[in-house]
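By letter and in written order, the chains are A, B, C and D; residue numbering begins at 1 in each of them.
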Amino acid sequence: MAGNTFGRILRLTTFGESHGAAIGGILDGCPAGIPIDEENIQRELDLRKPGQGLAGTARRESDTLHLLSGVFEGLSEGTPIAFYIANEDQRSRDYGNLSDVFRPGHADFSYFCKYGGIRDYRGGGRSSGRETAARVAGGAIAKKILAVEAGGEITAACVELGGIAAQKIDLAGAQGRPYFAADPEIVDSWNEAVRKAKGEADTLGGLVLLRAAHVPSGLGEPVFDKLDAVIAHALMGVGAVKGVEIGDGFAAARAGGASNNDVLLPGGKFASNHAGGIAGGISTGQDILARVAVRPIASIPRLQQTIDRRGERAEVLVGGRHDLSAIPRIVPVLSAMLALALADALLLQKRMQKSQCAIPWQEERPRNGG
Amino acid sequence: MAGNTFGRILRLTTFGESHGAAIGGILDGCPAGIPIDEENIQRELDLRKPGQGLAGTARRESDTLHLLSGVFEGLSEGTPIAFYIANEDQRSRDYGNLSDVFRPGHADFSYFCKYGGIRDYRGGGRSSGRETAARVAGGAIAKKILAVEAGGEITAACVELGGIAAQKIDLAGAQGRPYFAADPEIVDSWNEAVRKAKGEADTLGGLVLLRAAHVPSGLGEPVFDKLDAVIAHALMGVGAVKGVEIGDGFAAARAGGASNNDVLLPGGKFASNHAGGIAGGISTGQDILARVAVRPIASIPRLQQTIDRRGERAEVLVGGRHDLSAIPRIVPVLSAMLALALADALLLQKRMQKSQCAIPWQEERPRNGG
Amino acid sequence: MAGNTFGRILRLTTFGESHGAAIGGILDGCPAGIPIDEENIQRELDLRKPGQGLAGTARRESDTLHLLSGVFEGLSEGTPIAFYIANEDQRSRDYGNLSDVFRPGHADFSYFCKYGGIRDYRGGGRSSGRETAARVAGGAIAKKILAVEAGGEITAACVELGGIAAQKIDLAGAQGRPYFAADPEIVDSWNEAVRKAKGEADTLGGLVLLRAAHVPSGLGEPVFDKLDAVIAHALMGVGAVKGVEIGDGFAAARAGGASNNDVLLPGGKFASNHAGGIAGGISTGQDILARVAVRPIASIPRLQQTIDRRGERAEVLVGGRHDLSAIPRIVPVLSAMLALALADALLLQKRMQKSQCAIPWQEERPRNGG
Amino acid sequence: MAGNTFGRILRLTTFGESHGAAIGGILDGCPAGIPIDEENIQRELDLRKPGQGLAGTARRESDTLHLLSGVFEGLSEGTPIAFYIANEDQRSRDYGNLSDVFRPGHADFSYFCKYGGIRDYRGGGRSSGRETAARVAGGAIAKKILAVEAGGEITAACVELGGIAAQKIDLAGAQGRPYFAADPEIVDSWNEAVRKAKGEADTLGGLVLLRAAHVPSGLGEPVFDKLDAVIAHALMGVGAVKGVEIGDGFAAARAGGASNNDVLLPGGKFASNHAGGIAGGISTGQDILARVAVRPIASIPRLQQTIDRRGERAEVLVGGRHDLSAIPRIVPVLSAMLALALADALLLQKRMQKSQCAIPWQEERPRNGG
């Protein structure tokens, strides 16, 4: 209930402060017999490591994953999969001056209120972006479950940075590009925007597009736990995210019903995908499409007005080593959260249905259909 | 786990198909001693009743609430509060022709897949907007809890309809206006847009703005259950919602950190509220601000191409009586969901810290602070 | 979290005070396509109705079940199944004298403490045995799920009353006998014990034996949610239950390992069932066996010493109409709770492993076994 | 849902196989500001270490606890407290011969069924008693929460071993005695029983008594999550436990209501405690009393008949190093589970009540009582 667990059947519980001994988590509910490939998890972790390209922090972490349980002879055992990543390059001294003041745009003040005055001021403690490494590790296993159980696959890309939008969307190649850019030709302008922001001691935000392909129809629950509601929960729960839309999203609010409806075609295909692969909160079998708004980093290298723990006026110069934008490092984190949400929905659906079929006419009727 | 329950401490479980005997719910976890006023709940229900203004359906329901438990001598007992609303004006015959075909833009096909071919084709069954009446009833009690325990208050308004945006935002007066319009002077243009859409056998979407005032700081949990994540879950789980943003939302993705940070002022106030009252997923004590994108109604009065339950080509003319837009009726529903999310977060936060204080310097230190 | 919901996948949430308008519940998570037979539910309800035999209260309730949702054309829809039972014969006046005093052995005092002084004094309110009718209704559907999905069947009987133990155990015929007696020849001595207790203005307790047959192997979760732990939770949560044992239970504590081990026989059978069908918290495919200790009814027809709501000395004579023993009426309630626990475990286990098989060698290997 | 998490507000999630890299857990929901004393946790762990007295295994583990997160400057931060214990002395070779056969009385066969044929045969993997070390670590923090927030204290003792019952019950001194014996004079007879069992290549079971003192009234939830139901869940979820009783337990089933009722005395005290401190599922403020039946260890040093993974007849001689009885090592584990159940109920109750008072007349009325 303290919000460090995500999922219903596939449950990821994470731990760790940015400047404590380690961060990590326990993934519970993974079916037995899923091939778990430590290198594969490490590969996903490396995608969010600090120090990539112009927008990255100078903090260096090897982010080496240590698996502690749940895997035997290369297969998941069906038992909890625990892992941790040691914090190596902490330099807490950078934060000594922050023990008494609240950094604007950070969680310092709200945590101070929440925990009755007790606060880990070292780099934000639990509110640090470092916490997301554990999500990426859990998400890597979730992606494997999606692939093994349903052939599902998730791709993600940055489609806008500092207000400069990608002109074309090529998700397939994004992982190899700087900023995980959806458009190879936009990278130069984004580099320019980053340089400009650096010069102005400012930071940048952007937009991320996520796509999940080969997701079976029938995932999601009616009413409160619609698949899009759970996805929004998963994505909005990542620090710096301020907006989530599914399919056409806010644009759909301006369209008419006649143009917004996705017409069904023989065999259960569709003529369009304005809905983003979800109708009435349940997956249709089309690609799941989500777009996420990422606000600029709050740690700007300037002297800022603020208050101290007595509520009195103060000034703060945020030290430490910070990214200039949550992009690109947030991209693999959002991709991991989508994977966790979908793998959980997939495992849950398997329990809600007497037959296992995705589309009834494709398979035998439920054996006890009445 | 089947997604018909919302909340952790304050839990609303709803039931009912649009054309079954009744809809209703059980609100569990309401503290003892909250004054429960049946008229007050009914008043909230009346706000979403069909048949208000140009955009409304012709279906008539008295939506009379029946309380079955949990209230004694005018106060909540701390036990489950159960209620139901009878379905009176069902006219299922309108739907007989829908038993074999899937309506475009509706949940017909995805439910068919989810439930192994079993589907309540009468007006969408569980996926009908009628289900939301139970949310409004639960939300009315949640609003009372917010008011009694923290003085919290929620207001909501439509800020855009059919692509026509309100020019000024006056939330206070919205409840009394057609479409719960944020701007009294926009109503004529919206009426015009509705008439035009009717003429074209089309439907409309829009945008809703929500504000929660007097919300204590410290609500929300770190990591996965950030307050904004839970709010996004609550709002995206309402049918027809395709996007949610908190504070500046998507606009924040285009701003720089220097302008996006909300500077703290002495006493725990802020110079601005770009964050929408939430920092690091925890409430700051400022107004909570959320904006919601509502897609157009899928039931358009035209012959549409689709497929039948054998997966073969078919045509459908959606009968029944439908709204032309989910606005205005969705506004009290979204307001109820925000209330449920916040009241639950409030009850969960109660004593998460050992002291009761919102801002520690305002009250005594925790009695067992170590 | 307020404890009015039982189950993880199959979730029963109940409501109702003994002297409010109605009691009932919502069963969520029932798979689609289960034949729901209203008469069958009513038949189970009739088994716990007041007024059966010597030990019963004089209160009369028709206990007529009203189904409100979740069933369409004779099959479950996969949506919440809501039901209620009106309270007809309340006679609250019997309880007027109890508004200020706490009845010994009842929940009056502990509820008073829990709810900050607010208490429904009419017949115990939420703590009344009347609440169990909703469990029986939910359990009737759980039994149907067990039967349809796995062929499972539950039988229950009273094996001891007022310290007089049944000499032989015939579970099959128990349902037809007074007291649901396991032994037809014990009934006369139990009648005699009841008469004697009546004469002494006293009440009786007893022991109940439960058996679940044809439960698949593999149900239950390791560690905290072992199948026996969940069953103990389910049974101990019924009012008046003070002890639960699985298989040989307390007798096993006195046995040696050599005699207590159940030897496996070819094909996955066993030479004995000391374990009660559960090893390491997971079902083995043998009969699940549980025994429950039921304390005597606390409402004795005598003047008793107690205190009032100011904490001062008082006397109380408990009026109302009360059973002399929780047996036999508790028997169908315990049977319902066991059914809910097992059906939930069955739905949770469904596809926890990638193959569907109960015993792997009986079926093909998991399709993605690595 | 996979059963590796216990609790609602205070949630312990554990991981680890007996012969994997490590075991450990995450305790989430601990309030901020609780003094966490690593030595204190280690002390509790040392109580269950192997190699104590006649009944213990020869396996040696230092069981050194490593705290990874959630504690800063000696106080809990309100964030997840993660810890692990490395597996040092594994000697998996002892188990090579068990990869194909199922040990009688163990979870080998039921796990094999549950996980579709995938099984960690090294010492029982997840079903090993070694898993309980993580419970003891979590329980140590739960005991601190109980002490700091309510002054609560838990004591436990073995009251019967091999059928030989303690003649007097002295809980206070038990922790210092062999077998955590309730009676100092019984130790010799128990030593004798252990020698005898060893000589006969047999193992022993016993009974454990638990007492929680200074538990506030009002803990526990009505209906399904009664405090005794949650305690039974917690205790029955420990391996080898086959029975749980609260207060007089099975003896209460033979008593009359007149003698079984606990009469209330002025000020909220009681003349007796047959109920074991729980009435109607809610704590009364008296001592919580529970008794647990522990079956004999299944690993007997004899050749046993069984079957192999093809379902065919086989023989097995269980090697490895095993205790002769789960007592005494299970005693601190049961004590930890009771602490986790009570601390969780305490933190949950703080959210369910508008006032914080234990007994209303002792404190001010709820501030919003109507």
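The rule we apply is simple: a residue touches a chain if its C-beta (ideal position, glycine included) is under 8 Å from a C-beta of that chain, and two chains touch if they have at least 3 such contacts.
Here the structure is a predicted model, which means the values were calculated and not measured.
Of all chains, the one whose mean C-alpha position sits at the greatest distance from that of subunit C is A. Across the two interfaces under comparison, A-D and B-D, the one joined by more C-beta contacts turns out to be A-D. With centres taken as mean Cα positions, subunit D sits 25 Å from subunit C. One finds 37 Å separating the Cα centroids of subunit A and subunit D. Centroids of subunit B and subunit D (each the mean of its C-alpha atoms) stand 43 Å apart. Residues of subunit A in contact with two or more other chains: 1-2, 4-5, 8-9, 14, 32-33, 75, 78-79, 114-116, 118, 126, 222, 351-354, 366, 369. On subunit A, the positions that touch subunit D within their shared complex are 1-2, 4-5, 8-9, 11, 13-17, 20-26, 28-29, 32-33, 66-70, 72, 75-82, 84, 114-116, 118-120, 122, 125-126. Of all residues in subunit B, those touching subunit A in their complex are 1-6, 8-9, 14, 102, 104-107, 109-118, 124, 126-127, 131, 160, 162-163, 197, 200-207, 216-226, 228-237, 239, 241-250, 252-258, 260-268, 275-276, 278-285, 293-300, 302, 304-307, 309-313, 348-349, 352-355, 357-361, 365-366, 369. Only residues 1, 31-35, 74-75, 78-79, 148-149, 222, 347, 350-354, 356, 366, 368-370 of subunit D touch subunit B when the two sit together in their complex.
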